[in-house]
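Two complexes are shown next, each including chain A; its partner changes from chain B in the first to chain C in the second.
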Partner chain A sequence: MLLEVRNLSVSYGKVAAVNDVSLHVEEGSVATVLGANGAGKTSLLNAIMGVTRAQGTLRFAGQTISGWSSARRVSAGMALVPEGRRILLSLTIEENLLMGAYQRRDREIASDLGRMYELFPNLARRRNDPGSVLSGGEQQMLAIGRALMARPRLLLMDEPSLGLSPLFVREVFNLIHSLNSSGLAILLVEQNTRMALQAAQWGYVLKLGRLALEADTEELMKSDDLARAYLGDNTTAKHRLHA
Partner chain B sequence: MSGYATQIAAILIINVVAAYAAYMPLACGQLNLGIAGFMAIGAYTSAVLNGHGVPLGLSILGGACASTIAGLAVSIPVLRARGIYLTIATLAFSEVVAAVLLNVNALGGASGFVVNDHMSVAPMAAVMVLVLAAVVWLSSTRFGLCMTAVRNDGRGTAVFGVKVRRVEIAALTIGAGFAGVAGALYAHHFNYLEAQHFNVLLSTYAVLYALLGGLQTPVGPLIGALVFTLVPEFLRSTDQWRYVGFGVCIILLMLLRPEGLLTRRLIHDLPFRRRLA
Partner chain C sequence: MLAQQLVNGLLLGGIYALVALAFSLTIGILNFLNFSIPALFMLGGIVSCAMLSKGYGIGLSVAVALAVTGGASLIIERFTFRWLKNSDSHIPLVSSLGFLILFENLVVIYFGSDAVGYPSPFGGASIRVAKLLLSLPQLASFAISLALIVTCYVVVTRTKLGRGLRSIAESSVISEMLGVDVGRTVSGMYLISGLLAGMGGALFGISYLQVSWDMGSEVALKGISAMVLGGMGNIWGALLGAMIIAGVEVLTISYVSSEAVNVVVYGLLLLLILVMPNGLLGDRAILVERM
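Moving on to the complex of A and B:
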């Protein structure tokens, strides 16, 4: 098992954002965490990355990492594609990519940079332009490329399809598929339920900070429980829509 | 050089170094309004050391060390505060330094402190070039990249494994060291110190030079200090309209070049535009 999260809780003051959540990601697999706005998905990822304080046990690649700094977690092989992309707008595209490799000290950073430009030709052409010139979809590609520059074993992705055109959404999911085929494990947080369930092997559903459901994604796609957990008890509204 | 030109050159050099003291924390998004306090520490330390027979160069170095240590000591607790609170804390620190200096009789108190050795403009310029070279070099390192990243998105930068607080502390501390150098240069050129000189206005100008010159490149503060030290001198002939003209210049600049006089885009575009045309 690559990542194991046990009884994780995150609270902001008195408000509990994540409440006693346990989940795991197998080596080389894609797991997805689904849930409506405010379900605690982003807090969960930030806690795993170590940028938000949390209670509970985290194990990564056989080591307990609960007390580790984000820096150590990056070195151990985790990288986050943050919600809303968070491109560093004053830095050039190339500098953004280099920031992703901040924890690395090896000599292969330059060759990895070349690989990113092969993967994203749009970025290669504008490598010396500031990040602010990119469209939303291109910024998402840059955010993914930047995370890959850390050479992660586990990629944490926070709503990568948010606010993108259908064309770019498909491109993001194609990329997820091909990254996973090359052996990268991914923990994908999404609101685009259908696409996420297709991309992942295992799915978790968060509801108001608690784990409401977990199952094989094929099962989740068929079940009515998902719709109920996701949409609250508004399933009647959905039926009316279809009628 | 005439006496007038020499004085302007000396003030310019001190302003440039002070602008870099403000630039360092600004480059990672922290506004330090305590530059004057750090300058005072550098100035008085250097003057006292020099008064006890320490050679000029070593005295200045001592002043820089003292303000660097003060910067570190202040930034560790102060950088727990963010944004406007950080600024207020640095401002308060500066006022405390000035108040203490004003009341210590061994340092001349309100009647001021006479400094032994004199420093002429040429070695001052050499020191300024050293500071400038240090900043240009720092900006080309990973640390420089981190400073810009932290200015853009402090929390977001932590995700890459950057220890954001350490970057902020380092920047403020290095800036405090530069302020100490600026203060020491002032002490040895004018050979007379009084605590009242190191006031908020001095800090404000240092920040103004860095901001108006532009934070995007390490050369920005040099340009800012150059322009905004010399413009009021050129406007001297307009007599009482001088500061009105200066104010208008600042407002125009903020309107036309909100990112400062010198931006990365400007540098990036210049050679290409010509080739295309």
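Moving on to the complex of A and C:
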């Protein structure tokens, strides 16, 4: 077990955004967390990454990491591709990638940078331009590249396909597939239910901060439970699912 | 003689530039005007002066002064920036002002309120180049200031620490998420600005052979003006602004009167701000673009 989340709760003042959620991600697997707007998906990922305060127990690669700083979690092998990409607009593209390797002290950072440019040729051409020159899709690639520069064992992705053109959405999911094939474990938060279920082996559904459902993604795709748990409205949810 | 006055202004400007840069770093990165900078400048002058008076060499005296100002700056960080995160943004401003008053009064208690002569081993040595009289200590101070500013620029734009600082300037949450130890990085910045201000104070003593408990306040006003004039958060802006302020100051003293200095300097500053509110080289430009 690479990541184990036990009884995790996040609250903002009196608002409980995540309530007693337990989940896990196996080594080398893709798990997805689905849920409507405001279900608590971002709060969950931020809590796992350590940028949001939370109650509960987190175990990663055999160690209890609750209470660790984000920096320590990054060096232990976690990286987050945050919601809305959040690349650093005042830094150059190359500097953004290097920021991903901030915790690393090894000598292979330069060669990893080269590998990122092979993976994302669009970024290579403009490596010395500020991050602000990139399109939304390219910014998403940069955010993913930046996270990969940490050499993570677990990649946390918060709605990576949000707001992208169909071409980039396909590229993001292809990338998820190939990264996973090379052994990287991924915890994927998505609203693009269909593609997320295809990419993942195990799925969780959050509803109003609570875990409403968890199952093998093959089963989730077939069952009506997902639709019911997801939106509480069969027809719309089913429609979305098979759209 | 115009050329002589311009040279004097240029050399004075080097010291203003160090102070301007110390202010500019905290403004550019934390968006916070650190009022303890003048106290650190003063400590740099007073501590090195006290060491020299006791008979220690100049190298050791300046080194101890820098250790004191760097250390003091790290202590100040605990009570300013660490509070900034969870409090009203006026609190750190007020607490840094508190440090200024505290340090100034401590120095008055231990060293008295009179200006004291700075027992520099170099004295007022000077050379004549063409018709210009050049003070060697002032010339050396200027060279050191310039070297420190260039070093600072290289650190901010080309090093990992600099990337971390610029990243924090844009978003401390994202920086933390990426694995930046925000607390330690900000401490690094306080250390740098404390060393810049402290070095400025020691160089002031070496150049003008006098230090006093209130030497920081006046220089700090010029430093802040230089920073605003050049563009807040902009490293070259601090240097350019300082040169202009010092040049205008020296020219006003010799061609108008010493009473008119503040009227002319700050009047000009106001005028320029009205025309170019972001300063000559642009606000926060170190953070937005590489030059």
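Following the convention adopted for this analysis, the second predicted complex is superposed on the first by the 232 of 243 C-alpha atoms of A that agree within 3 Å, B and C clash if a C-alpha of one lies under 4 Å from a C-alpha of the other, contacts with A are read in each partner's own complex, and residues count from 1 in each chain.
We take it that a contact is a pair of C-beta atoms (placed from the backbone, for glycine too) under 8 Å apart; a residue touches a chain by one contact, two chains touch by 3 or more.
From a predicted model like this one, the values you see are computed outputs, not experimental measurements.
Visitor: Should the superposition on chain A be reported as showing a clash between chain B and chain C, or a fit?
Guide: clash
Visitor: Once chain A of both complexes is superposed, is A:K207 in touch with chain B (first), chain C (second), both, or neither?
Guide: neither
Visitor: In the overlaid three-chain picture, which partner chain does A:Y102 touch, first (chain B) or second (chain C), both, or neither?
Guide: In the superposition, A:Y102 touches chain B and chain C alike.
Visitor: Which of the two partners, first being chain B and second being chain C, lies in contact with A:K41: first, second, both, or neither?
Guide: A:K41 sits against neither chain B nor chain C.
Visitor: Going by the contact rule set out at the top, does A:P130 touch chain B (first), chain C (second), both, or neither?
Guide: both
Visitor: Go through the superposed model and pick first if A:A71 touches only chain B, second if only chain C, both, or neither.
Guide: In the superposition, A:A71 contacts both chain B and chain C.
Visitor: Looking at the overlay, does A:R153 come into contact with chain B only (first), chain C only (second), both, or neither?
Guide: Touch partners of A:R153: none, neither chain B nor chain C.
Visitor: Shared contact residues on chain A for chain B and chain C?
Guide: Common interface on chain A, chain B vs chain C: 49, 51, 69-71, 74-75, 80, 82, 86, 88-91, 95, 98-100, 102-103, 130, 146, 150.
Visitor: Could you please specify the touching residues of chain A with respect to chain B in the complex?
Guide: Touching chain B from chain A are residues 49, 51, 69-75, 79-80, 82, 86, 88-91, 95, 98-100, 102-103, 128, 130, 146, 150.
Visitor: Which residues of chain C touch chain A once you look at their complex with the stated criterion?
Guide: Checking each residue of chain C against chain A gives 160, 163-164, 166-167, 169-171, 173-181, 287-290.
Visitor: Spell out the part of chain A that touches chain C in their complex, as residue ranges.
Guide: For this pair, the touching residues of chain A are 49, 51, 69-71, 74-75, 80, 82, 86, 88-92, 95, 98-100, 102-103, 130, 146, 150.
Visitor: Sort out for me which residues of chain B touch chain A in the complex.
Guide: Against chain A, the touching part of chain B is residues 142, 145-146, 148-149, 151-153, 155-163, 216, 264-265, 268.
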